[in-house]
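Heads up, there are several structures right after this.
Each of the two complexes below includes chain A, the first together with chain B, the second together with chain C.
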Partner chain A sequence: MTTTYRQKLIINVIALVAVAGVFAILTPRFLTDVNLTNVLRNVAPVVIVGSAFTLLMVARGLDLSVGSVIALSGCIAALAAGIEGLPLPIAFLMGIAAGAVIGLINAVLTVPFGINAVIATLGTLYVARGTAQLLTGGVSVYGVGDDFDRLGNGSFLGIANPIWVMLIVVVVFMALERFTLLGRYAVATGSNPEAAFLSGVPGRRIQATLYVLTGAMAGLAGVLLASRLRSGQVNVGVGFEFDVIVATILGGTSLAGGEGTVSGMLIGALIVGILANGLNLIGVPAFWQTVAQGVVLVLAVGLDVALRARLKRRRRAAATGAGAQAAA
Partner chain B sequence: MTPIPSTGGTSSAAPPPILELTAIAKAFGGVRALRSADLAVQPGTVHALLGENGAGKSTLVNIMAGVFPPDSGEMSFAGAPVEHLDIQRSSRLGIRVIYQKLSTVPHLTVEQNLTLGREPARWGVMRRRAARRQAADALARVGATMDLDRQAGTLPVAERQLIEIARALQGDCRLLVMDEPTASLGELEVEHLFGVVRSLRDEGVAVIFISHKLAEVRAIAQSVTVLRDGQSVGTVSAADASERDLIEMMVGRDLHDGLQVTRAVPSDEVTLRVDDLWTTTGLQGVSFELYRGEVLGVYGLMGSGRTELARALFGADRPTAGTITLDGTPVSPRSPADAKRLGMGLVPEERPQAVFYDLSVRSNISSASGDLISRAGVVRRALEGRLASGMVQALAVRTPSIEAPLRSLSGGNQQKVVLGRWLMRDADLLILDDPTSGVDVGAKNEIYRLIVEQTERGASVLMSSSELPELLAIANRIIVLRAGRVVGILSGDRLTQSDVLDLAFRGTDPRDA
Partner chain C sequence: MRHPTSNRPVGRLRGVAVIAAIAAIGVMPASTTAQDGDSVVAGKRLTFITWGNASEYQIAQGEWFKQFAEAEGASVNVIDGKIDPLAQIKAIEDSVAAGVDGIVIQQIDPVPVVAAVNAAKEAGVPIMNVGGLADPSAMIPVGGTFNDEQLVRESARDAAQWLRDTGREKAEIVLFDVPQNIVCHDWRMAAFKDELIKELGADNVVDVYNDLVDQSLDVVTTKMEDIIQSGRSFNIYSACGGTGAVGGLDALTSAGRAKMENGIPADTWVLSIDATPGELAYLLDPEVSLMNTIALTPKTNAEVFLANFKQILSGEIAPDANHVAEAPGVLFRKADGCEIVSTALADQYAIVPGYQAVDCSTIGS
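Let's look at the complex of A and B:
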C-alpha cells in the first residue's frame, strides 16, 4: 500500500464521518434505524458490483456493461419465475448466470482478442440492454408470484436481506483480495504487467476471472433489484456503471490499476449514498444531488492528483539530495 | 596513431572547436556514468565517438542535447561557455541529435513530418503550398526524393532516417549528433547516408558520429574520441589508427577493478542445448550448450541479441525456428509461466520490467512463487513471510523489514530481491540479463557470490552483461553475439578483453584474420 493510498483512505474515512456528522446535526431524521437501513439498502447494488469491479480495475480492467446487465438479469429472473414458473432459486441463479455470461463475453473480447475494454464493454452494454428488450418485448415483466420479492424486501434477524447480501459479498471479496492468489495477482498484474508476466504470473487468466466475477455480481445486483421491484424492469440501471465507477474511484482505486481496495470502495459508496440521502432529507431537490455527486468525484480525484504531485516532489527532492551527497 | 590535442587552440593549424567539453562528470543514483570526459569537435569535420556499452556515450550525447545537466565540468559552444542548457536552448544553438530510436511520426505524411512544429501558417490556418515547398527543400538538402504524401510509417528505415536528418537540418544546424545511424541500414543505404554526411561536413557542419562499426568509423570520420568507463581515453586521427589500435584503446582496463569472484566449477553434463534458434526479434540461428554448474557468459554490443536470447529462452518471445533441449528433453516454453515450471528463472535487463516498486519486499520476492506459498488458491501468509524473510537473510538484503516497499531499497538490494525471487524456487537454470547494471561495486561482489553459490548446488547460469570485465571474471566460457548470431565461444586463455571485443566489434576471430 503506497503512502498516497493510505492518505486517501484516511481522508475518505474522515470525509465519511464528517458528511454523516453534518447530516446528523442538520436533521434528527438522519440517525434513525429506518433511515440508515434505507441508506444501506440503496447502496447495496453499487457495493455488490463494486466489490468485484474494484479488483477488476486494480488488475487494469474496466466494465461499463454492468448497468445493462442489471436489467438483463432482472428480466431473465422475472421471466423464469413468472412466465416459465420455475422455482425461485433457479430463476435467481439464471439471472446471476446471465450476468456471468456477459462477463465471460467481456473477458473473451478484451483478454485474448485485445479489444480495448472501454469499447468492448460499451458494446456489451448495448447488447445486454438490447437482449433484455428483446426478451421482454420492451415491457416490464410482472406476475412473478408472491414470493419473488422476499429476497429484496424481506429481512433476517431484523436486518434487510439486501444488506445481508451486500455484507456477504463484501466479506467474500475482501477475503479474495487479501487471502488468495487471485487478489495477489490482480495487484501484481495491475501494478506492473510486464514484471508480472516475466514472473510467470497468469495475468490474463486473472483478468478474465475478474470480468466473469464482475458480470456475476452485476447479475446478483440485478436479481436483488428485480425482487425488490417485484418485476423485471427493462430500463433499470441506466447510468448505474457510473455510480459504480464513482464509488470505486472515490474509494481510492487508481485509474492506472495496481492500487485499490474493496473496503475503500465501500467507504466511497457510503459517502455518495449518505450524501444523496442527507441532501434529500434536508429538502435539497434531487437535481442538486446529482450535481453534488459530480463535485465530490472531481474533488476526490483532484485530491489524488495533488497528493501524488506532492509525493513526487518530495521523492525528487530526496533523490537530488542523495545525489548531491554522493557527489560530495 | 597520432594523438590530436584534445583541447582546441593549442594547435595552430586547427580552427577553434565548435563544441568543447571539459572534464564532464555525471552520476545516476551513485552509479557514475561519466567520470571525466573531454571532447573537442572542429567545425566541418566528422568526429566519431567510440566505446563499449556503458562507456558513457549516450550520457555524453544527452548532456550536449540538454536532456540533463552534468554534475560537473564545462561546456562551450562556438567559443562561448554554455550553462543551464536545456533541450530548447541546445536546439537554438544549432545542436541537433538524431537518436537511434527514430522519432518520425508514423501516421503523418512525409510532408507533415518535415514541417511538424514549424508549419507555415497564417491566422492559424496552414499554408499548404508553403508547407509543401518547405518540405521539398528540406528533402533536397539530404539528396532524397520521396513521395511527400506517403505515410512515414510505410517507408523503410533508411528513408525515415533521411527525413529525420532533413528535419534536423532545418533552421541553423551547426552540430549534428548521430547515434548509431547505420545500425539498421544496408550497405547501399550506408553509402548514401555517408554521402549526405560528407556534403554536410563540406558545408561546415560539425558531425558527431556514434557507431560500433570500426570500418565505418574509419571510412567517415576524421577524428575519433574513445570513451572507456566514463572517461575519454584519447582522441586520434581516424586515418592513422587501425581497427586494432582502436580496440586496444577501448580495452586496457584493470580487470580486477574491485571485483572478487571465485569461478564456478562446471560438470561435463550438458543441461541446456540450444540449436539454431530464430526469432522475429532478431536472433538468427543461435546455437550453444550450457553445462550443469556452469556460468556461461553472453557478450554482445547493443542490438546483438543478448536480451532477445534471454527472452526467447524464457518464453517471453516465441522462437520461429530452432530447438531448446533441457536435460535431454526438447522443450518449448510458450510463456514465462511455462519456463518457470521447467525450472527456469529470468532476471530481466531493465529493473522496471522486473519489479513492483510500490509493493512490499515480501510480495516482490514471492511474486513468482504463488504455487509454493498457497494451498487451493489461498495464500499462506505465515509461510510466505517465513520464506521471504529467509531469502532476505540469505541474500543479505538490506531492508528495514519485508513489508517495506521495494522503492525504498537501494538499486543493489532491489536487484538481490529480483534474484531472490528465483532462488526461492530453487530455479535450475538462471537466465541473468545484465544482473549488476546500476549496482554499486559492493553489491556486485555479493551478487557474484550468490551466482556462484547457485552453481555449487547444481544450478546453471546464462549471464549476459554489458560490462565485459565482470563477465571475464565470473564466466567459465563466453559466447559472443553479433547481429543475432553466435560469432564465437571463448574459454580458457581465450577469455581476454581483446579476444571478446574483436569478435563483438568485427565478428572475426583475430587468430583467423
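Let's look at the complex of A and C:
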C-alpha cells in the first residue's frame, strides 16, 4: 500500500465518520438498528460487485456490463424457479453462472482479442440486457414461489441475508487480495504491465480471471436483487455500473490501475449509501441528492489527482536534491 | 358543434360538462377531522413516493398532494420513485426509519414492493397505494386508480367509427408499448387493441407494429421513421405516453402523413395519452390528425388521494382494507377546442415550475 493510498484511505475513513456523524446529529433516526440495516442492505449489491470490480480496476480492467448482468441473472433465476420449477439453489446457481459466462465473454474480448475494455463491455452491456428482454418477452417474471424472496428479504440471527452475503464476499475478496498471488499480480499488472510481464507475471490470465469473477459477482448481486424484488425485473440495474465505479473510485482505487483495495471500496460504498439514506431521512429533495452525489464523486477524483500531483512534486524535489548532492 | 365523424354533440357544452365533472370530483367527501376540528393530518409527517419525476404529471401530483396536505397542517416529503422499484423500496424503508406518520406511494410495480410495504405495516405506518392496483398479498388500500382503460376504450370506439365512416375495412395499428409496465400495457395499449377487436372483429385488426419502444423522443421518432420507410401500411397509431405520441407524430408529419381532410383524418387516426404541451399543440392543430388525448388530472387526483388517506388515518377505512377509489382522467377530443382544453389543464398543472399553458391565440380552434 503506497503512502498516497494510505492517505486517501485515512481521508475516506474520516469522511465516512464525518458524514455519519452529521446525519446522526441532524436526525435521531439515523443511528437506529432499522436504519443501519437498511443502509447495509441497500449497499450490499454494490459492495458484492465492487469487491471483484476493484481488483479488476487495479489490474487495469473495466467492466461496464455489470448492471445488465444483474438484470439477466435475476431474470434467469426467476425463470428457472418460476417457469421451469427448478429447485431454488439450482435456479440461483444458474443466475450466477450466467453472470460468469458474460464475464468470460468480456475476458475473451478484451484479453486475447485485445478489444478496448470500454467498447467490449459496452457491447456485452447491450447483449446481456437484450438477452434478458428476449428471454422474458420484455416483461417482469412473477410467480417465482413463496420461498424465492427468502434470500433477499429474510434474515439469519437477526441480520438481513444480503448483509451476510456481502460480508462473506468481502472477506473472501480481501483474502484473495492480500494472501493470494491473484491479488498481488493484479497490483503488479496494473502498476506496470511491462515490468510485470518481464517478471513473469501472467497479467493476461489475471485480468481474464478477474473479468469472470466480476461477472459472477454481478450474477450473485442479480440473484439477490431478484429475490428482494420477488421477481425478475428486466429493467433493474440500469446505471448500476456507475454506482460501482463511484464506490470503487471513492474508495481510493486509481483510475490508472495499480492501486486500490476492497476495504477502500467498502468505505466508498458506505459513504455513498449513507449520503443517500441520510438525505432521504432529513427530506432533501431528489434533485439536490443527485447534485450531492456528483459533487462527492468529483471531490474524490480531485483528491486522487491532487495527491498524485503532490507525490510527483515530492519525487521531483527529492530527485533534484539527490542530483545536486551527487554533483557536489 | 358536432363530432366530425360520430356526429355526436360536442364542443363547448361537453367541455363545460368536463370541467364541471372535474370540479365535482374534486369536492371531498365529508370526513376526517379530529374531534377538536383540526384535520387528521395536522401535525403529521407524511411521505409521498412518486412513480418517477420524469413527467409533469408526476411532479404535479406530488406537489399538489404536498400543498393540500400542508394546508391542513401536515408536513410532506415528496420522494422521486425514479421509475425504479428498488428506489421505491428504499424510499419506503427510509420513510419508516424516519418515523413518518404515513406513506402514499404510486407503485411502479406492485410485486417488488410487497416486502417493504408489509414491513411498513408491521411498523405501524399507514401506507396507501395510488394510480394502480396493489398486490393482493400486501392488502393495502388503493387511494385512487386511474380510469385510463375506460377512456382508452372509448377512444378505440371513436377510431373504429372513423374506419367505418371512411370505408376502411381493417384497423392496421402501430402501438408503441412498454410491455413490462402494467399501466402502459394492460390499461392502455392492450385495452385499445382489445376494444378495436370488439368493434371490428379479430380478423379486421392487424398489428403492423406492436412492441416495446423506449419512450424517449429520439428513439420513438427514429422508430416511426423506420416504419414509414418500410412502406408498411397503417391507419391507427398510439403510444403509451406523451413522449411516444409526440415523437411518432413528429415523424408522421415530417413524412407528410397524419393530415386532416375535410375535418377528419385523411390517413392516420392518432390517440395520445398524458396531454403534455407537445401533444396539445398537435391536438389543437386543425391540420394534424391527433384526434383524442387522454389527460391525467394531477390536482384532482391529489385531492382524491388525500381525502382517502385521511379516511385511513381517521379509521374510516381500515389500513389493510381492499378499498379502491377512482382518480379520474379526462378525454379531450379535437373538436373540444383550445379554450376548454387550455383552461382545464392550466388549473391542473399550474403548480409545476415553468409549466406553460396552451396559448390559444397561436392555435386554430
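One rule holds in what follows: the second predicted complex is superposed on the first by the 328 of 328 C-alpha atoms of A that agree within 3 Å, B and C clash if a C-alpha of one lies under 4 Å from a C-alpha of the other, contacts with A are read in each partner's own complex, and residues count from 1 in each chain.
One rule holds in what follows: a contact is a pair of C-beta atoms (placed from the backbone, for glycine too) under 8 Å apart; a residue touches a chain by one contact, two chains touch by 3 or more.
Every value quoted in this text rests on a predicted model; they were computed, and no experiment measured them.
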Side-by-side fit of chain B and chain C on chain A, or clash: fit
Chain B versus chain C as contact partner of A:N153, first or second or both or neither: second
Which partner, chain B or chain C, touches more chain A residues: C
Which superposed partner A:V236 touches (first chain B, second chain C, both, neither): second
After the two structures are overlaid on chain A, angle v-u-w for chain B, chain A, chain C in degrees (C-alpha centres, nearest 10): 130
First, second, both or neither for A:R228, with chain B first and chain C second: second
Partner chain(s) touched by A:G138 [first = chain B, second = chain C, both, neither]: second
Touching partner for A:V169 - first (chain B), second (chain C), both, neither: neither
Contacts of A:N280 with chain B and chain C, given as first, second, both or neither: second
Partner chain(s) touched by A:N42 [first = chain B, second = chain C, both, neither]: second
Which superposed partner A:I105 touches (first chain B, second chain C, both, neither): neither
First (chain B), second (chain C), both or neither touched by A:V34: second
Shortest CA-CA distance in Å separating chain B from chain C in the superposed model: 33
Complex contacts: residues of chain A adjacent to chain C: 27, 29, 32, 34-35, 38, 42, 133, 136-140, 142, 149, 152-153, 225, 228-231, 233-236, 238, 276-277, 280-281, 283, 285-286
Touching residues (chain side chain A, partner chain B) in the complex: 2, 179-182, 184-185, 187-188, 191-192, 194-202, 258-259, 319, 322-323, 326-327
Complex interface listing, chain B residues touching chain A: 27, 29-30, 71-72, 314, 316, 335-341, 346, 348, 352-359, 363, 367-368, 370, 374, 377-379, 381, 405, 421
Chain A contact footprint on chain C (complex, rising order): 53, 77-80, 82, 84-86, 89-91, 93-99, 109, 111-112, 114-115, 123, 179-180, 185, 212
